[in-house]
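Listed after this line are the structures, all set down as structure tokens.
One chain, chain A, links the two complexes that follow: it is found with chain B in the first and with chain C in the second.
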Partner chain A sequence: MAAIELAGVTKRYGDVTALHDLDLQVQSGEIYGFLGPNGAGKSTTIDILLDFVRPTSGTATVLGHDAHDESLAIRQRIGVLPEGFHVYERLTARQHLEFAIESKDADDDVEALLERVGIPEAADRKAGGFSKGMQQRLALAIALVGDPDLLILDEPSTGLDPNGAREMREIITEEAARGATIFFSSHILEQVEAVCDRVGILQQGELVAQDTIRGLREAAGTGATLTVTVKALTPDIVEAVEDVPGVTSVDTDRDVLTVSADDASKTDILDAIEAAGGEVVDFATREASLDDVFAAYTNDRDEEVSA
Partner chain B sequence: MTWPVVARRDLRALHADNSLAVFGGFFALLAAVLAYGATNGAGVTPLPTALALLFMFAVPLAAGTLTHEAVPSAVASGRVRLTLSLPHSRSTFLAGAGAARLTTTLVAVVAAIVVATVVYALRGAPVPALRVLAVLALAALLAAAFVAATLAFTARSTSTTLAAATTFGFFALALFWPIALSLVRVVLAGQFGVQVRLGLTDSLVVASPLYAYVNALTVVGIDPVATTGSVPDGVGVAVLLAWTLVGFALASRRFARIEL
Partner chain C sequence: MSWPAIARKDFHDAARSKALWALTALFVLFMAGVAYVYTLLQSGGQGGGELETIGLIFFLLSPVTLLIPLTALVMSHKAIAGEVESGSAKFLLSLPHTRRDAIVGKVVGRGAVLGVSVVVGLVVAAVVTVALYDSFDALAFLGFSALTVLLAVLYTAIGVGLSATTQDSGRATIVAAAFFVVFEVAWGAVVSGVYYLLNGTFGPMSAGSVPDWYLLLNRVPPSSAFTNAVFQFLPGQSTLVAQLFPQNPPIYLSKWAALATMFAWLVVVPALGYYVFERADL
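Here is the complex of A and B:
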């Protein structure tokens, strides 16, 4: 069953189209990473799910409920870390959480929640004095109230230091292990890569790719980078490697070859080096990162648009 | 019905930023000065009349001041997102915000009544408890009308400056409503040749929540401001209720349509 389903969703602000005929499904229990450059429409998508804005056309359902008509039923079962939120400066972290607990008619323990998000000492401090990272942790604690079936996190690692980002990833993984569905947008590709089952890439209001990270790598053809150290590098070796099908570029530095190629070409490259009289001393491969995949999809799209 | 949860949270915030103390203290101070003055001359102004006159000006201004930023500030700052990501409807958010501001105004009203009563009692002036309670009830209605009207005027605004101008502009219009009606009558007659009966414009005076309050006070024998008109005593109660209900309905309708 789909936890989130968008069908043909278009959102226009005047003559600007923020989302264009967006179809998206997030399955129950999965961790879905929502990627895209600034202004791609990620937050607009999340705002539609939360009924903060209404789509110009199309339908959005969350946990089987219509995002607009049954918004209250949805918000009873989800936890949200919204983008652009602001805390009540004069209220303490405890008072914020008590409000959330009361709102959801839940029985969570305030101290346990604050401990979980890493700010147990801040329970009785006014939230106006919190750093951005602490406010983000407080908002995450609010989102966790009531063990939600679905967590919607909009740029959750904003303002967090590396430790905070790691703790955020741990919480996401724990929540998924509990059975919750996680839908989160992020610019931090490393975070997405570390925890997501599937990734969707949004570009100029359109979903340009949606798959597992491995699937996206293969589809984008970003392949791998092979670094080979040979005993003595000759022009024949370089020529032989360049002739291997699937090789897209070859760089040399003394006796080291750096070869970009698709995954299937790796053994062929090593064979070609040896056939050309080279002796392989060492080699290492590096798979394309999500950064590379993201750049491949978003740059390709930019080029298509500018063409 | 989760508006009490929102109202409690907003009340905590109003308490934390000292709004409760500031408005309560200010009302108490005004009441003390007024009560002292009212009992100082040869003829003592009755306590209900003195309080009714104080509340006619202080209650709308306090309710408007407390309420005008509730929506624009929450929307512009993003605080509303934190509330509406929880299971609260938009009208619940408004009702909670309005209830908290109404309660704060009433706390100030009660503080004024307590202080004025003490001053009157200390100076040996009579304290008619029932009529004072009637003034309290009508002041509560007046506060509710201004809270609801302010929410209605500011529900789509994201500018606190514009919200303040609208709120205090509405108070000025409500205060000078009889003059505005007279001007309209003169303009209609002079420019368009339309004759409007004087009785009709006099009756319309009670459409202003301030003069509705004055009209309602006459039911309990208090007439703090001399008015003319042919509207029966007590109609003002219905007008204040209408301002409250229609104001809140309009606020809900307007707030439901904005994109956050």
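Here is the complex of A and C:
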């Protein structure tokens, strides 16, 4: 069953189209990374799931409930870390959590939740005095109240230091292991790459790609890059490498070959070099990062737009 | 139906903000102060006039209808708009609360804050009255207290309701101020304007020629409904309505109509706010 299903969702604000005919499915139990540059429409999508915003057309379904008509039933079963939220400055961390626990009719232990997000010492301090990172941790604790079936996290690592971001990822993984579906948006690719089963890339209100990280890499044609240094580079060697199946391009710089390949094996390339009389001094491989994938998609689109 | 949780949270928030204590101090000083000042005026002026509870109540009436609407609007006019603008509404509404629960919870929470402050002020005033006055009419004072608390709560409801019609706290302030000006400051002019359009003069020439609708229209604003309810429920004050209708006034000019008007305000403005808020993109 799909935990989140958007079908043909369009949202217009006056003349501005924030989302254009968006179709998106998040399967139950998966960790789905929702990527896109700022202003791509990620927060609008999440606002529609939470019924903060109503789509101009199309339907949104969360956990089998209509996002607008049955929003209360949805919010009973999900945990949300909103973006651009503001704590109640005069209430303590404990009062925030007690309010969330009471609201959801849950029975969580406040101390345990604060311990889990790493701010047990702040239980009785007013949240108005918290740093951005502590507010973010408090918001995560609120999202975790009631063991939700679905966690919707909007830019969860905002304001967190690298250590905090890592702890956030650990909690996401733990929640997924418990059986929860995780839907989180980010513009930081490493975050998504480290934990996500599947990724969708949103660009100017449209989903330009949706796949596993591996699938995205393959689809974008940015596979591995192999850099080989040979003792003496000859045109024969270059030709031999170009003939290896799966190799997409070969660049040369003095005695260094830079080979891009979709799925050609490293050994095939090295064998071809040696068969052509080349002596390999050094080699290194680099897998395309999600950055490359992301750039490939977003640049493609820019070209389409300008063309 | 999750508004009790929101009301409790809002009450705690206000208690922590010291607003509760500041308001309580204000109402204690005001109510008890007026009760004491009234003793000075009575003994100074007429030289030994009877110090009566009813007299004090009518003496309190006018300042109450100014102070309570103002404090209620100041305290409540950003209840919804402020939360939406700052982003704390994202917490509130990502939890399982409907927007209706948010409005009802705010009305109850903030109404309780103001109500508690007013009650404490009234209790202290009652103590002053018992101590210094010739007599204490407990029933009259209780009736007046109940209507005063109702006025406080209904004006809180008006403030919250107006606040739900906008997501900009600056605009919320303007809307609340406009409401106060139209209904509490300029209402007399509105009624006169209507009379002028119909009759060519700005008001009835004699008490005998006052049309019913003119009386009714004058009783529409919340404070006016409150004042009329106090006059008509408590003994001893001769209102224009009482002079015109020595037997029984028509039902829409009765004390019950005045009370119903108060309850109508309590419901209508929050309902209007809900109508707008429910349809808004946050």
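Definition applied: the second predicted complex is superposed on the first by the 270 of 307 C-alpha atoms of A that agree within 3 Å, B and C clash if a C-alpha of one lies under 4 Å from a C-alpha of the other, contacts with A are read in each partner's own complex, and residues count from 1 in each chain.
Just so it is clear, contacts are C-beta pairs under 8 Å (C-beta built on N, C-alpha and C of every residue); 3 or more make two chains touch, one makes a residue touch a chain.
Here the structure is a predicted model, which is why all the values come from computation and not from measurement.
*Asks:* Is this a clash or a fit when chain B and chain C both end up on chain A?
*Replies:* Partners clash after overlay.
*Asks:* Answer with first, second, both or neither: which of chain B and chain C does A:Lys231 touch in the superposed model?
*Replies:* Neither chain B nor chain C is touched by A:Lys231.
*Asks:* Touching A:Arg254, do we find chain B (first), chain C (second), both, or neither?
*Replies:* neither
*Asks:* What is the shared patch of chain A, the residues that chain B and chain C both contact?
*Replies:* Chain A residues touching both partners: 47, 50, 52-54, 71-72, 75-76, 80, 82, 84-88, 90-91, 95-96, 99-100, 102-104, 126, 139, 142.
*Asks:* Could you pull out which chain A residues touch chain B in their complex?
*Replies:* 47, 50-54, 71-72, 75-76, 80, 82, 84-88, 90-91, 95-96, 99-100, 102-104, 126, 139, 142-143
*Asks:* Where on chain A does chain C make contact in their complex?
*Replies:* Residue list for chain A touching chain C: 13, 47, 50, 52-54, 71-72, 75-76, 78, 80, 82, 84-88, 90-91, 95-96, 99-100, 102-104, 126, 139, 142.
*Asks:* Can you name the residues of chain C that touch chain A in the complex?
*Replies:* 2, 5, 8-9, 12-13, 16-17, 86-88, 90-91, 93-98, 281-282
*Asks:* Provide the residue numbers of chain B that touch chain A in the complex, in ascending order.
*Replies:* Residues in contact with chain A: 2, 5, 8-9, 12-13, 16-17, 77-79, 81-82, 84-89, 259-260.
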